[in-house]
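A, B, C and D label the chains in the order they appear, each numbered from 1.
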Amino acid sequence: MLGWLLILLPLLTAVIIMASPARFSRLVAMLGSLATLGIAMVAAIDFDGWGTGRWGLESSITFLPELGVTLEIGADSVSMLLMLLTALLMPLAVLGSWTAVVDRTREYFGWLMVLASAMTGVFLARDLLLFYICFEFTLIPMFFLIAIYGSTNRAFASVKFFIYTFLGSLLALVGFLYVAWSLASHQGEWSFSIPDLVHFAQTGLTSSEQVWVLAALMAGFAVKIPLFPVHTWLPLAHTEAPTAGSVLLAGVLLKLGTYGLYRFALPMVPEAVVEFAPVLAILAIVGILYGALICWVQTDVKKLVAYSSVSHLGFCVLGLLALNPLGLQGSVLYMINHGLSTGALFFLIGMMYERYHTRDMNVIGGLASKMPIWSCFMVFFVLASVGLPGLNGFVSEFLCLIGTFAAGDTGAYPGVLGPWFAAFAAIGMILAAMYLLIMVGKVVFGSLREPAGVHAHDVLPADLNAREIVVLAPLAIGCVVLGIQPDFVMHAMEGSIAETLAMYPDLVPESMHAMGIKGVTP
Amino acid sequence: MTVSMLNILQSAVGVPAVPMDQVVVATDLRWAGIILLLPLLSLLLCGLCAAMRVKSKLPAWCTVACLAGSFVLSVLLYVNYNPPGEVIPLLSWMNLSWGDGALNSFSANFALYIDSLSLLWIMFVTGLGTLIAYYASEYMEPDLGKGYARFFAGVSVFLFAMLALVLSDNLVMLYLGWEGVGFASYWLIGYYYTRPAAVAAAKKAFIVNRIGDLGLALAVYLIWTTFGTVQYDELMTVLESHSWRAEFEGWTISAIPFLLMLAAFGKSAQLPLYVWLPDAMEGPTPVSALIHAATMVTAGIYLVARTYPLFLLEPVSLHVVAWVGGLTALLAATIGMAQYDIKRIMAYSTVSQLGYMFLGLGVLTTYGAAYHVFTHAFFKAVLFLTCGAIMHGFAGQLDLRKLSGLRHMKGWRITSWTMLIGCLCLAGFPLTSGYFSKDAILAEAFVTQGPGFEILGWIAILTAGLTAYYTFRVWFRVCAGPVSYEPGDELHDDHGDHGHGDFHPHAPRFAINSVLVVIAVGALVAATPYFMSNKADANIAGGWVADMVHDSTARAGLPGLAESQHPHSEEVSHGAHEHPTLFGMDPHKAMYFVSGAVGLIGILLAAYLHLWKRKSADALRGWLLARGWIAWLPRAMERKWYVDELYHALVRAPLWILGHICYAFDRFIIDAVIVDGTARVPRLIARWLQPLQSGAVQSHAVVMIGGVGIIVLLLALCLRFEWLGVVL
Amino acid sequence: MPTILPYIATAASAIGLLLVLASTQRVFRLIGSAVGLAGLAWLLWLASSLGDGIGDVATEVFFLVFAALAVTSAVRMVSGVKPVYSALFFVLVIMAVCGMLVVLEAFFIAFSLVIVYAGAILITYMFVLMLAQQASDTEHESEIPQYDRAPRDPVSGVIVAAIFMSIIVTAVFPAISQMTPASAADRAQSQADLLARLPRQWASSVDGAPEDVVWPKTTQEAMGAIKVGVDGLVFQGVTSSGQTFNAPIDRLPGNTQHVGWSLVASFPASLELAGVILLMAMFGAVVLARRQVEHADEALAASVGDTHAGFEDDSPEAGL
Amino acid sequence: MTMVATAMAGGSLAQYLIISGVLMSIGLAGFLTRRNLIVMFLCTELMFQGVVIAMVAFSRWHWEVSGQVFVIFILTVAAAEAALALALVVLLYRRRDTLDAEAWTELRE
């Protein structure tokens, strides 16, 4: 029942927030999210699936037996990790918006808690319908967070965010239902249990069916990730969203897409994935380079970081498509690391915005002399994002790229990518350094430039206060720990990844080879 | 073809790819990890000092103490280590395994690989690091309480990263150090972060280095996919246990050295990636001395030396290394001749000397390269530190036209004479350390057979002459001649003596002077290893440094090593059978005379133009500029051969434009036309259907009932007539 | 029978209806009536072959007469230009429908329809009509308002109606063919079941039973006391002397009893609900009728129009 | 009443259903085309009649009296509807002084 508690406790918190006076709402939200984090920790310690493919937190409630719908939850190690990431980011998001939101605080924190519940639900669902409901339900709180608490163009941004991602997920639903329907017509009764569906789809679908299912799933997940060229909602949503919204959007919501790929596309339709991995990988690489080049010419810091997410998530997808344990390890790590470092960057930008009410690099700059602590954190997280070895970004990026590079050579797995893919993607490393350091050079370093007229920090001190440091410190610690000791996370994920890739060793036909090394070697 | 190369190899030879027993996994030497940890401790202490806003020199003392500890431990390690090499596991980092056999596991851990090469490097890195940190304790005084702790934190980070780079047992940890030193360099170049030039230089350094890092990353990937390991010991086992040429003609073997080369050229500022180094002089001078002259920039040499067996597999790569090194040496020297900023002259000189080192690697004398690294570390550190002392005392003045006769000024004598020692070494004055190390490289260019290596040798000799000229141009201008000076545009604002009239240069005090003397003595003493006898192998020449190279991966490039000892390199070996001669002598002997003579000519030329007839230098420049056919030469030399402009035009501007095009494409095509356009389609359809929405109840009813009716009718018909296979 | 035929008949009827509805000229209206009735007749003929009927020729004739009356009245009601006439024709429809209900032996319903509809509801309609219609001179066509004279877009309306009819045709034609009407035995059983639940009725259902016969008191006992004899149902009672007494049933419970029993025994909750609905409707009607509305609300209408105009603007912020 | 059940082709269920459908359709057509609000509501009553016939015909066919019971409920609803709808019509009439359904187009965007 711990799993249900994880999903329902934030929801309950939301109810309490709505019922209690507005001045207590942030406190209640904080307590609720901390309690959730505590339960998540307990669940993680209690969990015995680390390193194995076993599932924990399992619980199921029969809901519509005649349709095969049971409200079934459970977590394997990867779900568990992403759930922990969500649980960790929630108290920080609440603390980060402690003073940023002054109007309609009850709704704000209520929606945040509802969002937490939905996100946790996505990671814990073992029933397709529950997964899908939670997957879609994340949109509603996010929609309101953007639409009510966003910046000037928030109405358009929220509507676009909602419709764009919703349209994609509807197509994914079609794919899901097709698989479920095939399963039902195959075995005579409906089942929406994810393991059942995955197990059936691996072998029960013909090649062309697999391709169509993959296309449908990609339509949903690619928008969410977001993969080039369906990424344009992201910069808009990010720039308009309030800080905590951006943090959760980048930190968790984008991962729903990659998690979907990991949980569904990869194990469900292996043949189609092998067939289309090069195409998707090219999209990912284009996204990496294209996003990076666009970042270069941005003047809005937040938009820059938003586009950098497009670029970074490209690495994540590439790692998944490497179809070998290296790439998948890298990719899942990337999900966590990107959540930490980019989440922190959004926090930092929010803190700057709260003080100066601008994010324009042409107007603001040289903050190092005014906000040294902020600047330290900024440089630190930028470096984590750039992938400086020793920090978390490096490990995941390195593994994604080496996985891609070695795809096809890693013995048992039918990698279809190869050195050229990795080489082009790796150019993104240079570009990432370029745009992020240019941003740092403008915003942090140089002579102090402040927007005219904004000097009154009556609420906030010039530099970060203790609360804000408390928001950033856990993320920084996470970055260092995952940078120096990623081993424990990687070992934890091994079983789950082996299970996801279980079908692939059978798909190594003699004719399929990496486009790189092997093809040339006589 | 799912079997990896390694599998093929193993099946052919029957050797499992386990660490060879030749390299001892030494757990009893785990204390060596403290060498790495001390800089981290120093970083922590400096961070605490910064957080507690310490106003004293405490951060400096912490750093000096920690680095000195590292140095002592390094020497102890040298004493205690057993050839040929030891692996010291410290901490796990990345370990993955998904099956048995090759390429089914990946591991890169924090572990130290101790062999003579890494010991050589860590000893001079920690030694010079300690001294320069001590020097900086005085040099950075004006920033006490402001950036003081930040500076020493940066130095600590650098030392940690550099030691990690050198001591790493695998390529991934090397990459950590590699990027780490780049980051430390970024940190320290951008130390004066309010100056746009410093910020830009820091950024440029990091980004250009990242290009090199890309090469290193790809090389690591390629090495792993080819050999199934990234650990040196395993890698060398694989390389030594097979006859590679017979089995592999694939492009990977050829590509690996070129990618490594890209990395090395980036870090060691070689053509075409050298542009960041002169700009890096925006950092505080101790940093320039430590990072951008003595230690970090030699990381590229270290990398090539460390992976030398991979280069030996592809002779062309070594030819490229040699030519790039030689050309960089010449190009940088010509630029250095025409600069006026003494720190920049030293920077170009560094690029030039690094070019020599690569030339040495390319012409198969890792010994020469390592020796030159060693000597260069000392004499270039001295030169930079004296520049720093001058800059410190003359309020940031670095223009050699505005400084003169320092050796006659009170308090500047030590500076002048130590600078002279540095200049002599750099110019290759006979019997100085630079003389021996440079000769080892120059001679080998004539000995080793390669495409145009002889021309390369002459280019190198010409460069040696140019080096002597520009080096002494500085010394004669700044330290000799009549006393005169102008203060610079002050960096340290707290002097209060801005007026040019009453400006008093403040001479260096104990910390700076003592360090100058110690390093200058070191630069002179660096000549002695050449005369020592060889302990490791009686057949080889070159003394202690050769010993240090002998027990490492770079031993193939040792003088006098028997042919049988480097069996993989038939095609790239020294022409042992018929030694070419130079002026009828053995090239090594001939070079003593040739380079000595060339150096002296350079010095005399400098003395004529910059000491005796200073006007004639300007006259020469004027004469050159007045002649249309030759005017481009001084201009191009002063403008650094327009390389920065070239980069701007060829790389930066196109990418920037591409960025804007992408952004426009994103906004106007993808977002506006495709996405929003698609989203407009329903609205257009709605506009078309809008008349249906007349508002009249009955028309609504018609549409609603009609719609439902049609659906139900179709459904009923389907059921009734079994259309679509649906049976009622 | 080709399956397309009923649809053609439906289409014909629809065309007829369209002509009648849309045309103002007598000729077309006549032609329309003819076509429509012909189509309907064809449809009925086609339907007559589907399964067994419920009665003899007389029943059939009655049915046809009432059907024709109902349909023609309905068409007149829908197509007439004077609302009062429409209401009167609707009374005629109700009468015809009631006739059919009588043929179907649903006497109670038939009469309650007449009472409730023709007697009550239609009167209400008439009142409202008179209230709303400024007692115009119905002799002059021109006095009739435009909205009564010209139908609104008859084509689409008739098409929708035809679609609807087609659905019914699709449902009726295959599905009914297997059905036969309830047999006498079914009917007897049904009545016996009802009787069994009404033991008190027994005494009055049997003529000529001795005074001292004791009839079963409970449904349980009654179930066992009904026997199906040679010529119908037989009751078994017990005399005071202890002898059994078999009596034929003379008076079976009629339709009204049947409906009444079913209403209270099977659908008590629905009955209560219906009562509540009526009550609420009464309240609603009272509340609505009491409301005073300003006669001239042009200003209000204008303001409403304005706010709507406000929503129509096409600002870029409004959406995609 | 005699309990005579014949198999003669007199008034089959299908015919009743057809008539019921026809009444319903005519009512529908009237509802959709007539512009007088009162007549529109009359047409809905006509549609009720169609339903009534179908109900009773089925009731007779299966000799299941529930069909007729439902007719009573239909009657109830019709009465309620008539009461409310007519009250509304009166209100609407008072506002616009016309019974024309087209006078009310506020549903338009």
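Following the convention adopted for this analysis, a residue touches a chain if its C-beta (ideal position, glycine included) is under 8 Å from a C-beta of that chain, and two chains touch if they have at least 3 such contacts.
All of these numbers come straight from a predicted model, not from anything done at the bench.
When you average the Cα atoms of each chain and compare centres, the chain farthest from chain A turns out to be C.
When every chain is represented by the mean of its C-alpha atoms, the one lying closest to the mean of all protein C-alpha atoms is A. Between the CA-based centres of chain B and chain C the separation comes to 96 Å, rounded to the whole angstrom.
Here the spacing of chain B and chain D, counted between their Cα centres, is 92 Å. A straight line joining the Cα centres of chain A and chain C is 62 Å long.
In whole angstrom, the spacing between the mean C-alpha positions of chain A and chain B is 36.
Listed for chain A are residues 160, 163, each touching two or more other chains. Residue positions 676, 679, 696, 698, 702, 705 of chain B each touch two or more of the other chains. Residues of chain D found to touch two or more other chains are 28, 31-33, 35, 101-102, 106, 108-109.
Residue ranges of chain C in contact with chain B, taken from their complex: 3, 152-153, 156-157, 159-160, 163-164, 166-167, 170-171, 174, 319-320. The part of chain D that touches chain B in the complex is made up of residues 28, 31-33, 35, 40, 101-102, 104-109. Contact residues of chain C toward chain D in the complex are 13, 17, 21, 40, 43-44, 47-60, 63, 67, 70-71, 74-75, 77-78, 83, 86-87, 90, 93-94, 97, 100-101, 103-106, 108-109, 112-113, 116-117, 120-121, 124-125, 128-129, 131-133, 145-148, 150-154, 156-158, 160-162, 164-165, 168-169, 172-173, 176, 179-184, 186-188, 190, 232, 254-255, 258-259, 262-263, 266-267, 270, 274, 277-278, 280-282, 284-285, 288-289, 291, 293, 295, 297, 304, 308, 311-312.
Chain A contributes residues 160, 163-164, 229-230, 232-233, 290, 293-298, 324-326, 329, 366, 368-369, 383, 388-390, 394-395, 398-399, 401-402, 405-406, 409-412, 419, 422-423, 426-427, 429-430, 433-434, 437-438, 441, 444-448, 484-487, 490-491, 494, 498, 508, 510, 513, 517-518, 520-522 to its touches with chain B in the complex. Interface of chain B with chain C (complex): residues 676, 679-680, 683, 696, 698-699, 702, 705-706, 709-710, 712-713, 716-717, 720-721.
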